[in-house]
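Each in structure tokens, the structures are laid out below.
In what comes next, chain A is part of two complexes: it sits with chain B in the first one and with chain C in the second one.
Here is the complex of A and B:
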């Protein structure tokens, strides 16, 4: 029996994982969510911005990791549009523009936001550092045209926006190291306020920047998206994703405990 | 000459860019802006180099008939189709968007999703408390995992209701991230930063030349 547990076929584990992912997606169970301080700080910051303010969202995640940052993007954009806050979208990754543009269009349509007046998507330009530093002096020197090929200087909402001085917050939705690059170059050099929404695997990297105040807020993975949705009182993809993640976490914890029990019994028997 | 000119440029621009960080004078800032603009022009060439390298790698694989060389043909099919449609018609062309949304996005997402299956299998086989250090790692990971999902607080508030505080699972997770994790991360960041500074000085002064190629 012990041998069987210790040498469990990995296909059994794969089936268990599939079940704990599929089942909660079909039968959602709503669990109470405790909102963490970093997520609340971001929400409070945006909530305190007056109508007409501008935030920049950097969609720095690719199709492979969109499951976590996309619900965050939806929640934050919904919050901004409801408060009349303008959004400038852009990305530092070459394979993201189509994804981000489609998402912005969708959320804008749901909130009756108008392209060029309430939001704009600048797209992608090569050269991470040069793009971040270049926008600090003049956004239109980096993005002469937006993703829809409109001249940036002729877009109504960009009339009074030249560089970071006119942007109240940058939210980096990331699945890699871009948040640190934004902090090092945009926050340190230009004093741009930065918040982040990152995938769960890189949360630990972000905490030193929270403590120093270089990040004013942080949404950690599905949990962050679900927390933000709770603050908005609008459960969405983040809450559904967190539900699934809960069962997957429990399965992994259960497997680790089972593996360790079997390991200790075997070690005791072997003396 | 082949080495002296790049070294001289590196020194000149390195010193100039350091200087611009400390001088708000309009001349200094004009130099800074000009160099950034040059950088923006040079950056796309890095992508050209990446494409050339990709083509060279896969042509070699096909020529040598290495293992799974057939997949290299698929790389070329994908690249040629996207270039033929994407370059003349732009990224917003309906065919490009369709291929992106219905081929690239699902394939990328599927690849990443497989991680969950392998992590579960690897955690079961490898995450064993074989020593005290391994036990500490295991216990910390368990606390962070359980605190990362709402069921942690739910169980805490039911089972540990006699304790003076609520939501203990998420509080413990937050404490680990805020204190233990921060101490370790900060040490790593300081070490890496000092390394970057010393390496940058070596490159600017021409002591470190490996970026020029040739092995020295």
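Here is the complex of A and C:
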């Protein structure tokens, strides 16, 4: 038995993980969700903004990592549109503009938001540093036209927006190191308030910035999306994903414990 | 059309996951297709969102404005467009990257690289120091002022002390100018403990992130792909 556990074919684990993911997807079971302080801070910040405020969302994730940031984007955009907060979308990654533009259009249509009045998508420009620093001086010097090729200065929503001074918050939805770049250049140099929604892989890197106040809020992976959806009382993809992930985590924890027990028993027998 | 997209995506997803059984031609086909399409897409996006709006359009408008100036049909708009001529300088410097293609002119690439490194270092050093060293140091020390003033709760006081111990011990581990003996050895051992906890948290989060990708794909296969069977065969 011990030998079998120690030499278990990795494909058995793959099948177990697949089953644990498939069953909750087919038969959803709602797990209790407790909202963490970083997510609540972001929600409270947006909640406290008056109607007509502007936030910028940087869609800094690609097609291969959209599983976690997309539910966050949906929840935050829904919140903003419901409160009359305007959204400027943009991205620092070249493979994201189509994804982000499509998502903004979809959520805006569901909330009766009008392009150019309630939201705008600027698109992508090459050169991360130059884009972040350039927008600190003049957004239209970096994005002369938006993603739909409209002159930015002629978009009604952008009339009174020149640079970061008119933006109340930047939310970076990231799957890489872009949040750190935004903090280093936009927050440190221009004092722009920054919050982040990041994939689970980079959560640990973000906590030091929360402790110092360089990030005003943080949505960590599926958990962050589910927590934000709970605060909005609108369960969505984040809640479904988190419920499914919980079962998979339990399986992995069980396998880690089993593997360790088998390892120590075997070592004792050999010793 | 959308259904065809769903079926293509489902086929490629299954091709990629077939690697879990073992390496096979379907997996390699999907992998090569992904790499090729990604590179092609990124190049086209960079041309359309970068080269055309930032270089081509302003420069061609400036050249037209210059011609209008020469033939005497100038207007305030064309005069304003003349500023685009200044873009020749950065465009020319950028084009020097292609000097790499000619062995005789390779040396010219030093100029754009020197400018990039000079700009990058000049912008990065003060901001990175401010954001990652000064602000983090302040964040570690600041709670002690609150402890001194008696405004920090017991739990937060514990957290602040733990963070300070973690920072000092972890830095001690990377301090190689002194032999790790006596108290230094013990401090560096505690530092290793903090590092291991950090790596463990990062690994746990990585597992969580990878599972999220699987959950998203399984959701797509079960809901979108299987859901499209009726429309596809109906």
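Throughout what follows, the second predicted complex is superposed on the first by the 271 of 271 C-alpha atoms of A that agree within 3 Å, B and C clash if a C-alpha of one lies under 4 Å from a C-alpha of the other, contacts with A are read in each partner's own complex, and residues count from 1 in each chain.
The rule is short, and it goes like this: contacts are C-beta pairs under 8 Å (C-beta built on N, C-alpha and C of every residue); 3 or more make two chains touch, one makes a residue touch a chain.
Everything numeric here is computed off the predicted structure, so don't read it as measured data.
**Q** Where does A:126 make contact in the superposed view: on chain B (first), on chain C (second), on both, or on neither?
**A** A:126 sits against chain B and chain C alike.
**Q** May I ask you to decide whether A:187 touches chain B, chain C, both, or neither, giving the answer as first, second, both or neither?
**A** In the superposed model, A:187 contacts chain C only, not chain B.
**Q** Does the superposition put A:34 against chain B (first), chain C (second), both, or neither?
**A** A:34: touches chain B, not chain C.
**Q** Output check: A:140 vs chain B and chain C. Expected answer is one of first, second, both, neither. What do you get?
**A** Once the two structures are laid over each other on A, A:140 reaches no partner at all.
**Q** May I ask you to decide whether A:54 touches chain B, chain C, both, or neither, giving the answer as first, second, both or neither?
**A** neither
**Q** In the superposed arrangement, which partner chain does A:203 touch: chain B (first), chain C (second), both, or neither?
**A** Both chain B and chain C are touched by A:203.
**Q** I'd like to know which partner A:178 touches here: chain B for first, chain C for second, both or neither.
**A** Neither partner.
**Q** Give one of first, second, both or neither to describe whether A:26 is in contact with chain B, with chain C, with both, or with none.
**A** After superposing on A, A:26 lies in contact with chain C but is clear of chain B.
**Q** A:249 contacts which: chain B (first), chain C (second), both, neither?
**A** After superposing on A, A:249 lies in contact with both chain B and chain C.
**Q** Report the partner of chain A that touches more of its residues: chain B or chain C.
**A** Touched residues of chain A are more numerous for B.
**Q** List the residues of chain A that touch chain B in one complex and chain C in the other.
**A** Touching chain B in the first complex and chain C in the second, residues 14, 17-18, 21, 64-67, 94-95, 97, 125-127, 129, 133, 189, 200, 203-205, 208, 211, 220-221, 245, 248-249, 252 of chain A appear in both lists.
**Q** For the complex, which residues does chain C have touching chain A?
**A** 20-21, 38, 41-42, 45-46, 49-50, 53-54, 120, 123-124, 127-128, 130-132, 135-136, 138-139, 163, 198, 201-202, 205-216, 218-219, 222-223
**Q** Would you mind writing out the residues of chain A in touch with chain C in their complex?
**A** Interface residues on chain A, with respect to chain C: 11, 14, 17-18, 21-22, 25-26, 64-68, 94-95, 97, 123-127, 129, 133, 144-145, 180, 183-185, 187-189, 199-205, 208, 211-214, 220-222, 237, 240-241, 244-245, 248-249, 252.
**Q** Which residues of chain A touch chain B in their complex?
**A** 8, 10, 13-14, 16-18, 21, 31-34, 36-37, 62-67, 94-95, 97-99, 101-102, 125-127, 129-131, 133-134, 137-138, 141-142, 147-149, 189, 200, 203-205, 207-208, 211, 220-221, 223, 226, 242, 245-246, 248-253, 255-256, 258-260, 263-264
**Q** Where on chain B does chain A make contact in their complex?
**A** Contact set of chain B toward chain A: 21, 29, 32-33, 36-37, 39-40, 42-44, 46-47, 90-92, 96-97, 100-101, 104-105, 108-109, 111-112, 116-117, 119-121, 123-125, 127-130, 138, 142, 145-146, 148-151, 153-154, 167, 170, 174, 177-178, 181-182, 185-186, 189.
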